[in-house]
Each structure stands twice: as structure tokens, then as C-alpha cells.
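What follows is a set of structures to go through.
What follows is chain A paired twice: with chain B in the first complex and chain C in the second.
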Partner chain A sequence: MVDENLLQDAVKKTVARKDVKYVVGYDKGTTGFQAAPTFAFEEKDADKFIFSPICVNNLAVYPILEDKPPLRRGEEPDSRKIGIVLKGCDSRAIVQIIQEKGLKREDVVIIGIPCTGVVDPKKLKNRFPGQIKSLEIKDENDNFIVTVDGKTQNISKDELMPDKCKECEYPTPIIYDILIGKEIKGLKKPNYKEIEELEKKSLDEKWKIWEKEFDRCIRCYACRNACPMCYCKECMVDILDPQWVRRSVNLSENTAWNMLRAFHLAGRCIGCGECERACPMDIPLMKLNKKITKDIQEMYDYKAGIDAEAKPLLAMFKPDDPEEFIL
Partner chain B sequence: MMNSYILLKEDLPKFIKELIDKYKVFAPVDDNDVTLFKEIKNPKEMNLKYNNSKLPPKSLLFCQTETLFKFTPGTKGKIQSPGIDNGKKAVFGIRPCDAKSFSIIDPVFKEDFEDPFYLSKRENLLLVGLSCTNPYSNCFCTSFKDSPASSKYVDILLTDIGNKYFVEVNGDKGKQIVKSKLFKPAAKTDEDKKNEVEKKAKDQIIRYQKTDGIAEKLDKIFENHFWKEVADKCLRCGACTYLCPTCHCFDIQDEATMTDGARVRIWDTCMIPEYTLQASGYNPRPERMNRMRNRVYHKYNYYPKNLGVIACVGCGRCIDNCPVNIDIIDVVNRAGEVKP
Partner chain C sequence: MKEKFEPNIIGFLCNWCSYAGADLAGTSRIQYPPNLKVIRVMCSGRVNPIFVINALQQGADGVLIGGCHPGDCHYERGNYLARRRMAVLKNMLEYAGIDPRRVRMTWVSAAEGNKFAEVVTEVTEDIKKLGPMQHFRRENKW
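Now for the complex of A and B:
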């Protein structure tokens, strides 16, 4: 369990700094079963900060989401730092953005959370279908102690955790300025069983599976906007001239969108799963990302978001890079 | 009793088949894990254990993509007139809140300009409602003095009262439907049972949105810092608006290749910057707070002022699906308490 007093103290200390604009972290949300991103602009705001297994969101998205309206004449841009509460997986996004020069290390103050796993909101809803009026959830070794509407039960973590937690290699943030509690060693390894099953299918079977998924897409772009790695100034899907993807929502355009996004994340996706979580139509987007991650791992022995000093995969060239896939 | 009937549960498949004979029938169907209104050819395809569909049934009337006409580009181009869809359709299992949303968006497509695409579908649509007996934890239709078992906005309403449905009828379309021999007159005990089910469902709704005087209140807090507080966490995606049964904004685009093209109407969302981006490059709603405020004002201020009704039915979809927990009940309740 993360000591919330330590967390709140760290937030207070950080927001009190003259060179910090605000700190983004989690509050308990309005429904009880989904934590919400929250902001501290002054010390007293830190009291609402929490950390529990419902703190799912990857907050690394916020520094790049900030609105930057045009400056008035003589106005200086606000170059103060942003404080962010980050779990191990989330921190990889910041590392990758720094690697790509989307942010500078000194732009952010990272309050790191050594994380023992969060709850997948969709699994939680399926476990308690229909109604959750109140929820309290505690973390205890291999179990979550879940109290729903007054009834307490122990549920094995594997049952409620998203896949990314079950195979988490980096529970402690890769980079941080303040760590809340002690470092946790990553003992798990990625599991590509589901991807291998998918790979075994014929091209026709694969198309059928994905057609059924992409057909549901409503192009709300929640996947893109929840993704910390989707920070292009102008997304290719928004460009009108030339129009790469039409605005019509049909299988063809939806497929184009989802495939293009997956390819744009090649060598960049850090596996936080936010796209899949944010998708209101439950499209299993992480399967696409994971397939590409697996290929890259196998071919180039490269993993995104673990070394801020390294070069991005697509900016590297080695004479012995594999090229069997080149036609 | 006048205008109330019963339908035995064992007769439901027969009733659906009768509907399928006369209409294209749309009903809640599971598509992987998502419940959507889809066309069914057989009653077995339905899932009646749904709370509500992920996408509101507005998409049957106000399609996400509607082809307005087709054309061939160039100087000798030709325009091919649109085919207006006037086939008879029925929605089975629409919830009272979603049925109400149709009455809210009707004026948009009817008043200043008559939209043939929407209106033709609307006129040919039969609404067979199914009372909501197990509302979600974020449902709040009762905040608008409505009920999860209201028959007001449907042609007929079925309420599950055990081994049968209690059936209420509205208007001529509904009267035609209950002429089927499957419907038997209801007894007083059936009506009592329906009222009991309705009360139980209402009691299950625990959240409440305070909307008394909200339109006037919003007039006074347009410039308040509150809107920035609400919008700071917004990801500016379109999930809330696309899943909203009353959101009805659209964009129109010409989509063409060298040889053919079409003018299409697609859903638009006020939550993205492009919605208000002008050709000059100027954007009157540059920040997320401008756009968030617009969504709330459109529903709780402009709509009540122009059309006399709040453009929210309390279905809770935007709350359930917002990736960052922007909660319209909470936003409006807090707006009510903001000091002007």
C-alpha cells in the first residue's frame, strides 16, 4: 500500500516550489470506482490526493494536453515545471517522450509510485455487474480486499488486474524526483501467449476478427487522446488537405484509422493500455500494439521508454538490422 | 382497463416475429461484449439482460454517416439524388430515457429546416419500449421528473412483471400493434404489479442532479474560473458527445475520388478544437474550458431557453464512459453552488 500521507506531503512540497506550476495526481472521483485525474495549484489542494488500485489513468498525458492559447504582445510563456504522479508503467511514457525530445527532463517533477498493480475497471464491472454504489479497495499481497456496497471479499489480483500488471517488468518508475515508499523489483515478464495464438491464424481469419472489431469503432478518438504517446501537433486523421482518412465512419475508414495509429506507435508504445481502457466500444487495441512490440523486441531487441538517453528505434540504424520482411 | 394489456413472456418470440414480418426490427444484441441496437431476423439474437445499449439508438435516426447525395466530379459532373430511407422500422427494447431523447432532438430536424433524412426515418419508426427495471448506478432520469418505466415517449411500453409484460399503449401506432391476439386486457392486479416494479426501479436510482433554476444560474457564471477547473482533466475526445442520446451536431464533407464522390453528413463533436476552427485559423473556443462550458450550456441553458427542455435525459452514458471521470451530475450540481 502506498502511504497517502507521504504522497500528500510530496505534492505539497512540490507545488510549493516557485518553479512548479501545478501537480497532477489522482482524487477519489465521483463514483467511487474510478479515480479521477486531479490538480493541485496550491498546497491545500494536496489533501484530496489519493493512491489506490483504482488509480488507473496514465497521467503522463497531461503535460502535452495543456492548452497553449496564443500569447498577447509582450506576454512571456509560462515555462514553470509540471509535477506528475506516475506509476512504473506510466513513467515509461515520459521517458519515451523525453527520448523523442517532446519534453525536457527538467520540464517535469516526477512523484514516483512503486506500484503493486491496479484494477481493470472493465473487469471490476464484469465481476460486479449492474450496480456498484460504493467501493473500497485495498491492496494486500496477492489479493485485493474489495468492499462493494458494504460487503467485503478477498479477490485474487490476477482476476481483477489488467494484463499489463500481470506481466509488469517496471513496477518502480524508471525516472523520478521523489519516490513514495520503497523501490519494488520487477519480477514478471511479458506474456505473448495471446499474440502467438493470433499469429497462428490465417490471414482470412485475422481479417474477420479485426473487421468485427473495427466495425464497432465510432471514431471518438478516445484511444488517441488518452495515449501519452499521441502528441503530434496535428494528428494525420485531422488533416483535411490532403485527407488521409475520410470522416465517413465505415469499416474501410475505421480500419485505416486503427491500423495507422498502431503503426505510428511502433517502437513507441510503452504498453500502459490507456487506449484500450478509454475505448467506449471495447476494441482490444492492445493486441495490435503488443504484436508490434513483440516483433520489435524479437527483431531489434528494443524496448520503448526505458532509457531517456537512448535513441528512438526509428531513428536508429545498424548495418546488421534484420531485413527479411523487406519485399 | 383502457389502454393497458398483458403479453405473456412465452409469447414474446411470437410478438417479435409479428414485428419482423412488418418491420425491420432493431433490438439489443451483444456484439462481442458491447450491447448495441442491431437489426435482428430472429428473436433469439436479442439479449434482454442489458441495462442499456452502449450507443444510444439515436444512431438509427441520425446516422453517424449519412450520404446526402452522390456526384461525379468535373465540369460534366452529375448529381445523383439521394434515396430517402422510408422503410418501416421498429426498435424493440428502447429504454424510456432514450425514447425521450428523440422528442428532444426532433425540433432540431423539424423546425427551422425540415430534414428529410431524419424525418422520414422518424415517421416510419415504431418505438416498443422496455421499462428499465435495474438502472445503472449513474442513471438519473428521475432528476427530470421522469421514470425508468415511463410510457410517455414510446408507442407501446412493456414492463417485466414476472411471467408476463404489462403493456401500455400510446397513440395510433401503438393501438395498431396491440390489435394482435397476443395481447390480452390487463387486470387491476397487473397494473398494481407494474407500479410496484416501477417504484422499485425508481428507488434504485441513487444519484440526483439539481436542475432547478440551472439555466438562470448558468447565465451568471459564464466567465467563472469553475469551467477551467472542470475542464483541466478533459482529454478532449468525443466519447461523451458521441454516446449522448441528445447530442446532434454534425459536419458535412465532400468525399471524392477522381471518378465519383459523395456529400456526407457525419457526427461532429464540440469537444474537439476543429469544431469551431475558422478558415482564417482563428478559433473562438481555443481551450478545453471553452468547449466543456459549451457542452454544459448547450444542454442546460441554450436548449431550455430556446426549446423549453433540458437536453439531457439522465442515461448516464457520458459518466460511465468518460476516461477521466468528468461527471455531468457533479458538474451541474457544483455549477449550482458556484458563487457568481
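Now for the complex of A and C:
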């Protein structure tokens, strides 16, 4: 359980610094059902900052999405830092962005939160169907204490946690400037059981499964916009000349989009699961991302978002990389 | 009479080795199937996975990528980078249910006209057995 007073104090201290523009964190949201990202520009804004298991969003997208308007003549660029509240998994995104030189370490002030697991909004919705007027969730050892419209229940974490939390390796942020509370050791290991099961199926079966999934895609690009690693100024699907992927929504273009999205995250995906959470059609995008994560772990012994000094996976090589597939 | 299936294979051949190897196969009058449509690229490292997926979308039944042998790249590291990229892409395609034999990679040097002919024969025969690529072909409906 994270002490919110400590968090608010840390935010106050950070905003008060002269070299900090603002701090991004979580707000209770309107219903308390889903936390909303919020900004603190002044010290008094810090009072609305919270941290509870409903804070699922990955705020690492914010510093790179920042608009930088062209400067007037003689104007100095605003080089102030941005403060972010980050969970363990989210911090890997920042490490990966720093590795790719999308950001500099000194551009951000990280308020790290040792996280004991969040709630999957989709699972919560299935558990409590219908309209919820108010909701409060507290974290206690292996249970979430959920108060829905005044009724309190104890629900085990396994039931409500997203898959990424069940196999979380880094509950404590990898890099941080201020840590709220004590470090937590990551004891869980990644679980590739689901992936291996799918791998074992025949090609036809696999295609039938993915055909169904990709056919549902409406190409809203929510997966791209929620992803902290998708920060290209112009995405390859938005390019019109040459137009690699057409805009029409059909199986062919959807497959191309989903595969290329997954490929562009090869060696970069940090497994925060934001794409899957944002997907309005419930396409299991993490199954695709995790397969690549598993492959590169096996083939190149590489893990994304751990070491900001390491070289990007696809921009380096070893002479003895596996090549059994080459004729 | 039903026409026999003749596969369409797109070959991305690197300018310095594989393309020259294909040239040698031609000048040495070695026979190989005419199903390969060659696109010359300056290096196998130039081959973006978008090219491969786009080719499969637009009617190719298979894709062959040819580069220099490891260590022989004209640009020193292009083929090593291509090898990593294609390894990841091939695994992903197989995971999605597309036969990995449709996307092949090969090292052919400028002196290996024979090997080039052998590779093209093998790939063509494999794809003939697999039949046309029908997974996610683009339909040109207007």
C-alpha cells in the first residue's frame, strides 16, 4: 500500500523546483472507477494526486508526446524537466526510450512507486456488470478490498490482476529520483505457457485463431496511441507515399497493421500491456508481443527496458547469431 | 483444362553478391525456374519487413531475400542486421499461421551461380507444394 501523503509531498517538492515544468500523475477520476492522468503545475495541485490499484495507465507516454512549438526569434527553448509518477513496469518504458535516445535522463524527474499490482479494468467490469456509481479499491497482501456502491468485498488478487502483474519481475522502478516507500523485490518470473500452447498448434489452426482476431480490428490505432514505445513523428501507416498499409478496414490490411506494429516493437516492447487494455475490440495483442519477447530472449538473450546503456536489439548483431533458417 | 499453379516469388537480392550471383547463373546458362521476380536492393539490410508483408499482400506466394555471406557485406554489417530482423519476422509469421517456407533467406556470393540456381529451384518447389498464398491477400475492390 502506497502512502498517498508521501506521494503528494514528493509531488509538491518536485513541482516547487525551478527546473521542473509540471508533474504528471494519477487523479481519482470522476467515478473512482478508473484513474485519470492529471497534471500539477503548482504546489496546490499536488493534493489531487493518488495512487491505488486503479492507476493502470502508463504515464511514460507523456514526456515524449509533449508538443514543442517552433521558437520565436531569440527565444530560448524550454529546457525544464517533466516529473512523472511511474510504477515498476512503466519505468522500463522510460529506460527503453532513454536507450533509444528519445529522451535524456536529465529531461525527466521520476517519482517511483513500488507497485504491488493493479486491477485490470476489463476484469473488474466483468466481475461487477452494470452501472457502478462509486468504487474504492484498497490493496492488502494477497487481496483487493473492493467497495462497490457501499458494499465491501475481499477478492483475491489473482482474479482481478492483469496478466502482466501476475508475472511482474520489476515491481520497483528501475530508475527513479524519489521512491515512495520501500523497495519490493520481484520474485515472479515471466510465464510463457499460453504462448507455447499456441505455438504447438498447426499452422492452419493458428491462422484461424488470428484471422478471427485480426478481422475484428477496427483500426482505431488506440494500441499505437496508448503504447509508450510508439512515438514516431509519422507512423508508417500514416505515410501516404508510399502507402504501405491502406486505410480500408479488411482482413488483409488489418493483418499487415497488426503484424507490423508487433514487429516494430521487437526488442522494444516492455510488456506494460497498454495496447491490449486500450483495444476496444479485445484483440489479444500481448500474445503477439510476448511471443517476440520470448523469441528474442531465447535467440539473443536480450530483454528490453532494463539497461539504458545497452544497444538496441535490431541495431546490433553478434557474428554467431542463430541462422539455421538460412538456405 | 486447369492451369498448373505457377508461384509468384519476389526476390530481394543484394547488389553486391546475390544479384551478381544471379547474373553469373544467367551468363553460365544454368537452368532455374523463372518464377523468381528479382528486385535489386543495395544491401540485404535494406529489406524492410514492410516489403515482405506488402509483397505477400499484393500477390506474392513467397519471398526470397539474398545477401552476402556473413563477413562479406559490402557495408560490413548490413547482412548481419538483416539476419536478426528476418529471424524475428519469420518466427512471428509462423506464430500467426503463415508457413515459414514462404519467407526464405539465403547467402549467395557473386561466385555462386550454381548455388543460386539450386536455392531458387528449392524455394520454387517448396512453394509449389504449399500452393497459393491466400491468408491475407489484398483484394482490389473499388
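Here is the rule we use: the second predicted complex is superposed on the first by the 324 of 327 C-alpha atoms of A that agree within 3 Å, B and C clash if a C-alpha of one lies under 4 Å from a C-alpha of the other, contacts with A are read in each partner's own complex, and residues count from 1 in each chain.
Heads up, the rule we're going with is that a residue touches a chain if its C-beta (ideal position, glycine included) is under 8 Å from a C-beta of that chain, and two chains touch if they have at least 3 such contacts.
Computed from a predicted structure; not experimentally measured.
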{"item": "Partner chain(s) touched by A:Ile326 [first = chain B, second = chain C, both, neither]", "value": "second"}
{"item": "Which of chain B and chain C A:Pro69 touches, first, second, both or neither", "value": "first"}
{"item": "Which of chain B and chain C A:Asn250 touches, first, second, both or neither", "value": "both"}
{"item": "Which of chain B and chain C A:Leu313 touches, first, second, both or neither", "value": "second"}
{"item": "Which superposed partner A:Asp241 touches (first chain B, second chain C, both, neither)", "value": "neither"}
{"item": "Partner chain(s) touched by A:Thr30 [first = chain B, second = chain C, both, neither]", "value": "first"}
{"item": "Which of chain B and chain C A:Asp301 touches, first, second, both or neither", "value": "neither"}
{"item": "Touched partner set for A:Pro280, first chain B, second chain C, both or neither", "value": "first"}
{"item": "Touching partner for A:Asn57 - first (chain B), second (chain C), both, neither", "value": "first"}
{"item": "Those residues of chain A which chain B touches in one complex and chain C touches in the other", "value": "246, 250"}
{"item": "Chain C residues touching chain A - in the complex, by the definition given at the top", "value": "49-50, 53-54, 57, 70-71, 77, 80-81, 83-100, 104-107, 119, 122-123, 135-139"}
{"item": "Interfacial residue positions of chain A with respect to chain C in the complex", "value": "198-199, 203-211, 214, 236, 244, 246, 250-253, 255-256, 259-260, 262-263, 266-267, 288, 291-292, 295-296, 299-300, 313-315, 317, 319, 321-323, 325-327"}
{"item": "Touching residues (chain side chain A, partner chain B) in the complex", "value": "29-31, 34-39, 57, 61-62, 65, 67, 69-70, 130-133, 212-213, 216, 218-222, 224-226, 238, 243, 246-250, 274, 277-278, 280-282"}
{"item": "Chain B to chain A touching residues, read off their complex", "value": "31-34, 36, 51, 54-55, 64-65, 134, 136-138, 204, 206, 229, 232-233, 235-239, 241-243, 251, 253, 255, 264, 266-267, 269, 272, 274, 286-289, 319, 321, 323-325, 327, 329-330"}
